[in-house]
Amino acid sequence: MATQKTFEQSMKLLEQIVEQLESSELPLEKALKKFEEGIKLSKYCSEKLDEIEKKVTILLQDQDGNYIETPFMSEND
Amino acid sequence: MATQKTFEQSMKLLEQIVEQLESSELPLEKALKKFEEGIKLSKYCSEKLDEIEKKVTILLQDQDGNYIETPFMSEND
Amino acid sequence: MATQKTFEQSMKLLEQIVEQLESSELPLEKALKKFEEGIKLSKYCSEKLDEIEKKVTILLQDQDGNYIETPFMSEND
Amino acid sequence: MATQKTFEQSMKLLEQIVEQLESSELPLEKALKKFEEGIKLSKYCSEKLDEIEKKVTILLQDQDGNYIETPFMSEND
Amino acid sequence: MATQKTFEQSMKLLEQIVEQLESSELPLEKALKKFEEGIKLSKYCSEKLDEIEKKVTILLQDQDGNYIETPFMSEND
Amino acid sequence: MATQKTFEQSMKLLEQIVEQLESSELPLEKALKKFEEGIKLSKYCSEKLDEIEKKVTILLQDQDGNYIETPFMSEND
Amino acid sequence: MQKKIYTVSQLTKDIKQLLEDSFPIIWISGEISNFSMPASGHYYFTLKDSQAQISSVMFRGQNQHLKFTPEHGMGVTGLGRISVYEPRGTYQIIFEYLEPKGIGSLQIAFEQLKKRLSDEGLFDDAYKKTMPCLPGKITVITSPSGAVIHDIINISKRRFANAHIEIIPVKVQGKGAEKEIVSGIKLLNTRADSDVAILARGGGSLEDLQAFNSEDVARAVFASRIPIISAIGHETDYTISDFVADLRSPTPSAAVELVLPVKTDVKQTIAEYYKKLILLITGQIESHRICIKNMTNQLTDPKKRIDHLRFKSDDFYQRLSRIFFKTLEQSRERHMWRTNELKLKNPGMQIKNYNNEIKRYNEILVNSLKSLMYTKKSGLCVLNGKLNVLSPTAILDRGYSITRTVPDSIIVKDAKNVSSGQDLEILVSKGLINCQVKGNPQNGNPKDL
């Protein structure tokens, strides 16, 4: 998906939304939209973190359990 | 519907109607018309608020509870 | 008497009749006719008031109870 | 005597007759005739008044039944 | 003598007869005649009066019984 | 001799990765990748240490003049 | 023949060339006097004997390697070259090497070989190979007997228990040692399965270490593709091999330390990196989490606004209803007031007035007629009375009577006027007598009667 933003972009967006909501008196409907967007971004970022944390956990389990053959393969591919 | 006013516009209109009714003594029928209009606006605003509050509540519940698959899909559609 | 008259117009007419009855010594039959007219106007106004009150009551009940779909339709019709 | 006469005309006539009878000494037969005429007029006027009074009473009662019961009774009693 | 005479004419005649009887020494026959005539006139007038009284009573009773009771009766009784 | 090279490179890389993660605020996704790489490197290096076979040998020439690696018994052992 | 005239510079240049070409490098011996060492670290002194003296210098780069410090009055033998310093027109010897007087030819040979190899560049750092940080296999070229190999094995075990050590046994002194060392190094490179080699020998005299000062060994070391550490003799002993080797170790045991890491240290380093990696990534995740949480908390804004707007909207609604009901109430009051007014203005009063009027008229009518009737009645009564008084029949009461013909009612005054049988009526006081004439009436005067 082309619009799949990175975590950092999402965080930046979330920050902007927080600032917008904080600073300017947005019309209610717009504020709702922004809020909705913010919640979605927050969720998205949170999930992304979960995902990454899970990945980290798996990596660490692998470390203790399984054997990894070629550490540089991934880099060269 | 083209005349679907925003919440802010509706509130402004409602305020103007209240002020008109308060400041000047209108003939009964005119007052009725204004009153009717005002009640409709008030109803509209009230419902809009309910709607928005519901949305916010759902969003907040979602945040704590459920999983949302594609946070940016809805935006692009 | 046409029913198209507004409450205010009817009240004005009623006032005129009262004045006529007050000021000039009308022949009895004319006075009776005026009086009759006045009573009818008064009745009409009274009904008009009841009607408006009923309308308002319904409007206010609607507000608390039922849902109204398109608040601005009536204004555009 | 034609019934086309208005109440006021009848009263006028009655007054004239009364004056004639009162002021000058009429021949008996003429006086009787005048008397007869006067009584008839008086009867006619009286009936007319009753009729009007009834109408007024009905109008007043019609207005809303109990509002003012019998405006004349109290005054005449 | 015709009955077309009015009450007043009859009274006048009666009066003349009385005067004639009073003033001149009429031969008995004439006097008797006059006298007879006078009696007749008197009777006529009296009847006339009764007749009128009756008529009035009827007129007044006609009116509606109680309004004017019977102004003549009471006095004549 | 190849393994010796990669061990060295791996250690160097591992050190660099740690430094990168330490010094700069890498985007999360990149940081994860670096982390993954680092974990793999650390695993790899750790394994490499144990991979070396413990032995003390001596090269002795057989009758044909070929050198044969044979266990060396230290006098002190 | 034309006279050649030199400039000072030309002459000095020619002298410089002459001197420096004639004495490129020479051994010279003499006695040191006026020795000084300024901050630069170079040695300045005069070398003299009983008849002559020459200015001398030994630069820091060279004097560092001296195993002794020169002093005033010391007899020395040194290797140097003549150098002319043109700006001052002086010459001096620049020493490469110095040693106390009385050293043997072995030493001289050593120095000469060292010098040669050095000039060839065999000692250059550019050729020095780097040591592996974790050698998979270490070859030790040394004597399989003796303390050296045991020390090496023991230290290796201590540092890296599972180290792979291979020994290429060689003679390290005496006849044939040179050859064996050279072929050992060649064997090392032929097999090419080691990561590093240690060329080792215990301490000994210059003669004992002779094999390691040989040119063949030096060249074999230089030629090796596998890095070689030299670990020969004691810390103070230098051999040519030491200079050529990729790394010089002061002692054989120190060579192991140079080439073999302590396994637990490496393990610890890796573990530290590993820990740091986890710490860093989890730290980053955690800080992002906190950041998200903070931002999300800051997001819960609209509810407050909704509450506020609801208040506002409700207020409008209430005001609206209040005002409108007030308007309605006022309209009702207005209407009621007007209606009352209307009712008060009803035609009742008029009707009452008319009624009174009619009543009055009726009374007048009746009274008028009554009085008229009364007048008429009384008039009639008077006339009746008078008439009665004047009645001609009044005299009848006194006994008179009146006789009249019937039906003509002619009063009979003369009897002649009647005929027999004629009907007459006689009026008396009370009543009327009907009668018939019986006979012929007589004429006469009533007076006759």
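Letters A, B, C, D, E, F and G name the chains as they come in the text, with residue numbers starting at 1 for each one.
The rule we apply is simple: a residue touches a chain if its C-beta (ideal position, glycine included) is under 8 Å from a C-beta of that chain, and two chains touch if they have at least 3 such contacts.
This one's a predicted model, so the numbers in the text were calculated from it and none came from an experiment.
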Touching chain A and chain G alike are B, F
Cα rotation angle, chain A onto chain B, in degrees to the nearest 5, is 5
When D-G and B-C are ranked by contacting C-beta pairs, first place goes to D-G
Taking each chain's centre as the mean of its CA atoms, chain A sits from chain C at a distance in Å of 67
Whole-Å distance, C-alpha centre of chain C to that of chain G, is 65
Chain D and chain F have mean C-alpha positions lying a whole-number Å distance apart equal to 139
Residues of chain A that touch two or more other chains sit at 7, 28, 32, 35, 39, 42, 49, 52, 56, 60
Touching two or more other chains in chain G are residues 281, 285, 288, 296, 302, 306, 309, 317, 321, 324, 328, 331, 339, 346-347, 351, 354, 362, 366, 369, 373, 376
One finds touching chains in the pairs A-B, A-F, A-G, B-C, B-G, C-D, C-G, D-E, D-G, E-G, F-G
Note: in the complex, chain G contacts chain A through residues 278, 281-282, 285, 288-289, 291-292, 295-296, 298-299, 301-302, 305-306, 309
In their shared complex, chain F is touched by residues of chain A numbered 6-8, 48-49, 52, 55-56, 59-60, 63, 67-68, 71-72, 74-75
In the complex, the residues of chain A that touch chain G are 7, 11, 14-15, 17-18, 21-22, 28, 31-32, 35, 38-39, 42, 45-46, 49, 52-53, 56, 60
Per the touch rule above, chain G residues touching chain F in the complex are 132-137, 144-145, 149-150, 153-154, 160-169, 187, 191-195, 263, 266-267, 269-271, 273-274, 276-277, 280-281, 284-285, 288
Seen from chain G, its contact residues with chain E in the complex are 362, 366-367, 369-370, 373, 376-377, 379-380, 383-384, 386-387, 390-393, 402, 410-411
